[in-house]
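Shared chain: subunit A. Partners: subunit B in the first complex, subunit C in the second.
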Partner chain A sequence: MSDTAKTLVQIVLALAVAVAAAIGLPQVLELFALINATVFVSMALLALSLALVWGFGGILCFGQTAFFGLGGYAYAIAAINFGDTTGAVPLALAVPTAFAAALGYLMFYGRISDVYMGVITLTMTLILFKFANSTAGDQWIIGTAPLGGFNGIPSTPPFNMPFAPDQPLDPGQVFVVAIAALVSCYVIAKLLLRTRFGRVAVAIRENELRAELLGYDVRLHKLLLFSVGGLFAGLAGVLFANCVFVSPTMFSLFYAGQVIIWVLVGGLGTLVGPVIGCILVQWLTTIAGSLPHVDANLFLGLVLMVAVVLIPRGLLPTARSMLARLTGRAP
Partner chain B sequence: MDYALIVALQIASGIATLVIISLGLAVVFGMMRVINLAHGEFLMLGGYSAILSYQAGINLWIAILLIAPAAVGAIGLIVERLLIRRLYGRMIDTMLATWGLSLALIGGVNMAVGNTVSGFPAPLGSFAIGAFRVASYDLFLIAAAAVLALLIWLVLRFTTAGLIARGTMQNSEMAAALGVSPDRVYAVTFAIGAALSGLAGGLLAPISGVVPTMGTAYIAKAFITVITGGAAMLTGTLAASGLLGAVLTIGTFLTTPVLGEVALLAVAVILLRLLPRGITGRFFRRAL
Partner chain C sequence: MALLATERLTMRFGGVVAVDDVSLAIAPGELRCLIGPNGAGKSTFFKCLTGQLTPTSGRIFWRGRDITGFDAFAVARLGIGIKTQVPSLFDGLTVAESVALGVRRLRGERESRRLADQAMERLSIAPLARIRVGLLAHGQRQLVELAMVVAPEPDLIILDEPTAGMSGEETTRTAGLIRELNERHAIVVVEHDMQFIRSIATRVTVFHQGRVLLDDSADRVFADPRVRDVYLGRAAA
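And now, the complex of A and B:
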């Protein structure tokens, strides 16, 4: 099968799964479980954003949650001020994308090596976490939206029908929107990687020096890919804000660590793997959280250590090569 | 005049705190190129070792200066053996594995002692400068930072052990050919780095209090300091601490503690844009 045909099959499969989930799950799930499922979908989109940036661009971003949180905060503040979510969504996508572009400019054009990059992005999200935590009180109000410090913005408005602020979406419709967002981003990422730009990005991941010597502008390609990752993560933040509410925890080390774990467990260098990894780890975390006397951090930490030492390539690539060995084909 | 003296003292103590929290990380990263994201949790464990042994009736100074580094050094030895040793040369993987360790330690300590702040009163009392009172413990921290940095420099520069350590880090195969066991050198270096982190946790426990999540408050600052410092581990850490500590303290004075940290980060990011290999990538290149 040629690469183009393979991509087409993957996109059709993803669309089919998405349509099935969007139609089927609201029928079988209770309201609470449906809202939880929406949270999982927003997390999966966050995982997808890092899968693109890290797995295909080779950009080690430990602070993908910075864009996630900024998207959520921008959405909540804009929606409260406008009284309508139609204009809030584009604004909420623009803010994290612009932030990613600015941060990316400083990092890529400064030619900071990937390890430093990981530390800088992690620091960035931790600083935002501290900053958001310190915004309690009356002096921290943007327009009519109080930032609320540690408590966040509990009154984050849900989506409404475009240009109809008096018609909010119900949780079932929000779920469908979330699924649509996830699958659109997947398809966009998949197609982006098929373009010349995507191929150059992968070439840079494979060998940065060689790509540069062949005349490609490494810094610009990394910057653009990083900005797309910021956009996806911001959209994930908007979805998350819709089913929970925005609070400083969106920037927290706990989430920042989780994204890395999802991508790593699912398989670096794939797009679907991290989505599967995300849903699997979330599900396991929910189970671990319901056990008495077990701390979720302890559980996550053990999963991460075991994953790094035992399955460094992640679940999906390991499963693929096992399948290939069983059917006797070369992987 | 008194006010200027107080500000100068605050800046010095801000710099000393940065030196203290960064040294353990600087040894592990600078010597071994291992990124230890569990550094903050080593600090936390040092703080807990000091507090628990103090509560058990042990002399405060013994608890801070001996038990905290010894306990965390021993933990470091175990961690190196079980986790880090499998991952040498795979920088990203060590980063991820130590992050897992960090999360697990936060969770484990949280389960063991609960998510509450424990602490003990800062010793040594205070003294007066004009109308202001200054905690004597701040002066002790400044002295401790200076003594620690000097001690590390002396060991690296003048002892056989320091020479062997530096040689192994530069070329481990050559060191092995000359009869040194690199595995043992790595293990000891990591344990010393962990012990320095533990000592830092013990030293800071009286002024900051100890919680299971306290590591996250320090890890970012420590990393930024070490990275801004660049290749020469000790000189770089001291230079970066001097610069960033001053920015942090002055920023805190003028605005709020949080904005002070934002200023620290902003200066560090801009500095790395100008000097991508850190301060010692450009200046003091031959220093230790």
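And now, the complex of A and C:
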């Protein structure tokens, strides 16, 4: 099968799964479970954003949650001020994208090496975490939206129908929007990687110097990919704000570390793997959290250790290899 | 007009002068060898030419245009193919994908594939097209890198120690290949293997302690006692 045909099949499969989930799950899940499922989907989109940036661009961004939180906060502040989420969404996507572009510019054009990039991005999300935590009080109100410090913005408005603020979406509809957003970002990422830009990004991950010596502007390619990752993570933040609420936790080390775990468990260098990894780990953590005498964080650490030892390449690449061995084809 | 020229090029690292006041010019179609013992400044000079290092002082010209301080990608875009000493490759991609990337910047996908096929044929690596580069032997990796460099038909190819790590037979084959490539491209070879240089050289520039010790025809350079001295470790005259 040619690469183009393979991409098409993968896209059709993803669309089919998304349609089935969007139609089926709201029928069978109760309200709380459906909201929880929407949280999982928003997290899966966050995992997808890192899968693209790290797995295909080779950029270890330890602070993908910075864009996630910025998307959520920008959405909440804009939606409260506008009284309508129609304009809030594009604004909420523009803020993390612009922030990623500015941060990326400083890092890539400043020739910061990979390890330091991890440190800088992690520091950035922790600075935002600290800052968001310190915004309690009347002096931290933007327009009519109080930032709320540690408590965040509990009254985050849910999506409404376009230009109809009096018609908010119910949790079932928000879930469908979340699924549509996730699958759209997957298709965009898949198609992006098929373009010349995407192939060069992968080449840069493989060998930055060689890509440069072939005449490709490595810094520009990395910057664009990093910004797209910021956009996806920002969208994940918007979805998260719709089913939970906006708070400094979105920037926290807890989430920043989890995204890395989701990608590693699912399989670095794939797009679907981290999405599966995220949903699986979240689901297991939720179950573990509901059990007495089980610490969810310890459980998460155990999952990572087991994954690194038993399936170092991640779930999806391992499953592919096993399938290839069973069918007698080269992986 | 010279294709590539340097004017009093100097590169210092703190108190160490790695390249010292070097002026030379490469003519279109020329095959020039830059030789010298280890630590002579050849590789630093190579990195300055290819934009990997910005010289401390002096100028670099491409067809008369000042390109000093250009980034490596901008230097490559001028039409300069660059091969590094240790093969610099995309290990996770196939040979065909890698070679096609050499031209993809300039051409559409189909045309890139066609030119990549041509380059692989020229270098006799077409049977390896679908193999991942990371699985290849050292000699094959050298050829893949050369195919990537040659595929976009650059005006000038700069090769840094192209026979490093090669067997005697592979070295002989590479010498033939370089002579063949020189029919279509100007070539600068940075090497310290005198035997190899003897088999390909027409004009040789000898580096010693960051300076140009000698710049002459191959026969005269090899007959010069100063060259023997620097290679044997005795002080230059």
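Rule of thumb we're sticking to: the second predicted complex is superposed on the first by the 329 of 331 C-alpha atoms of A that agree within 3 Å, B and C clash if a C-alpha of one lies under 4 Å from a C-alpha of the other, contacts with A are read in each partner's own complex, and residues count from 1 in each chain.
Here is the rule we go by: a residue touches a chain if its C-beta (ideal position, glycine included) is under 8 Å from a C-beta of that chain, and two chains touch if they have at least 3 such contacts.
A quick note: this is a predicted structure, and the numbers were derived from the prediction, not measured.
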Next on the checklist: Output check: A:Asp217 vs subunit B and subunit C. Expected answer is one of first, second, both, neither. What do you get?
Outcome noted: second
Checklist entry - Touching A:Arg199 in the superposition: subunit B (first), subunit C (second), both, neither? => result second
Checklist entry - Just subunit B (first), just subunit C (second), both, or neither: which does A:Ala33 touch? => result neither
Next on the checklist: Is A:Asn207 touching anything from subunit B or subunit C once the two structures are fitted on A? First, second, both or neither.
Outcome noted: second
Next on the checklist: Looking only at subunit A, is it subunit B or subunit C that touches more of its residues?
Outcome noted: B
Next on the checklist: Quick check for you: in the superposed arrangement, does A:Ile112 touch first (subunit B), second (subunit C), both or neither?
Outcome noted: first
Next on the checklist: Let me test your reading of the model: by the given contact rule, A:Gly257 touches which partner, first (subunit B), second (subunit C), both or neither?
Outcome noted: first
Checklist entry - So in the complex, which bits of subunit C are touching subunit A? => result 50, 52, 71-73, 76-77, 82, 84, 88-93, 97-98, 101-102, 104-105, 109, 145, 148, 152
Checklist entry - In their complex, what parts of subunit B are in touch with subunit A? => result 35, 83, 86-87, 91-93, 95-97, 99-108, 110-111, 216, 219-220, 223-224, 227, 256, 258, 261-262, 265, 269-270, 272-274, 276
Checklist outcome for this item: subunit A contacts subunit B in the complex at 60, 106, 109-116, 118-120, 122-124, 126-127, 130-131, 133-134, 253-254, 257, 260-261, 264, 293-309, 312
Checklist entry - Which residues of subunit A touch subunit C in their complex? => result 196, 199-200, 202-203, 205-207, 209-218
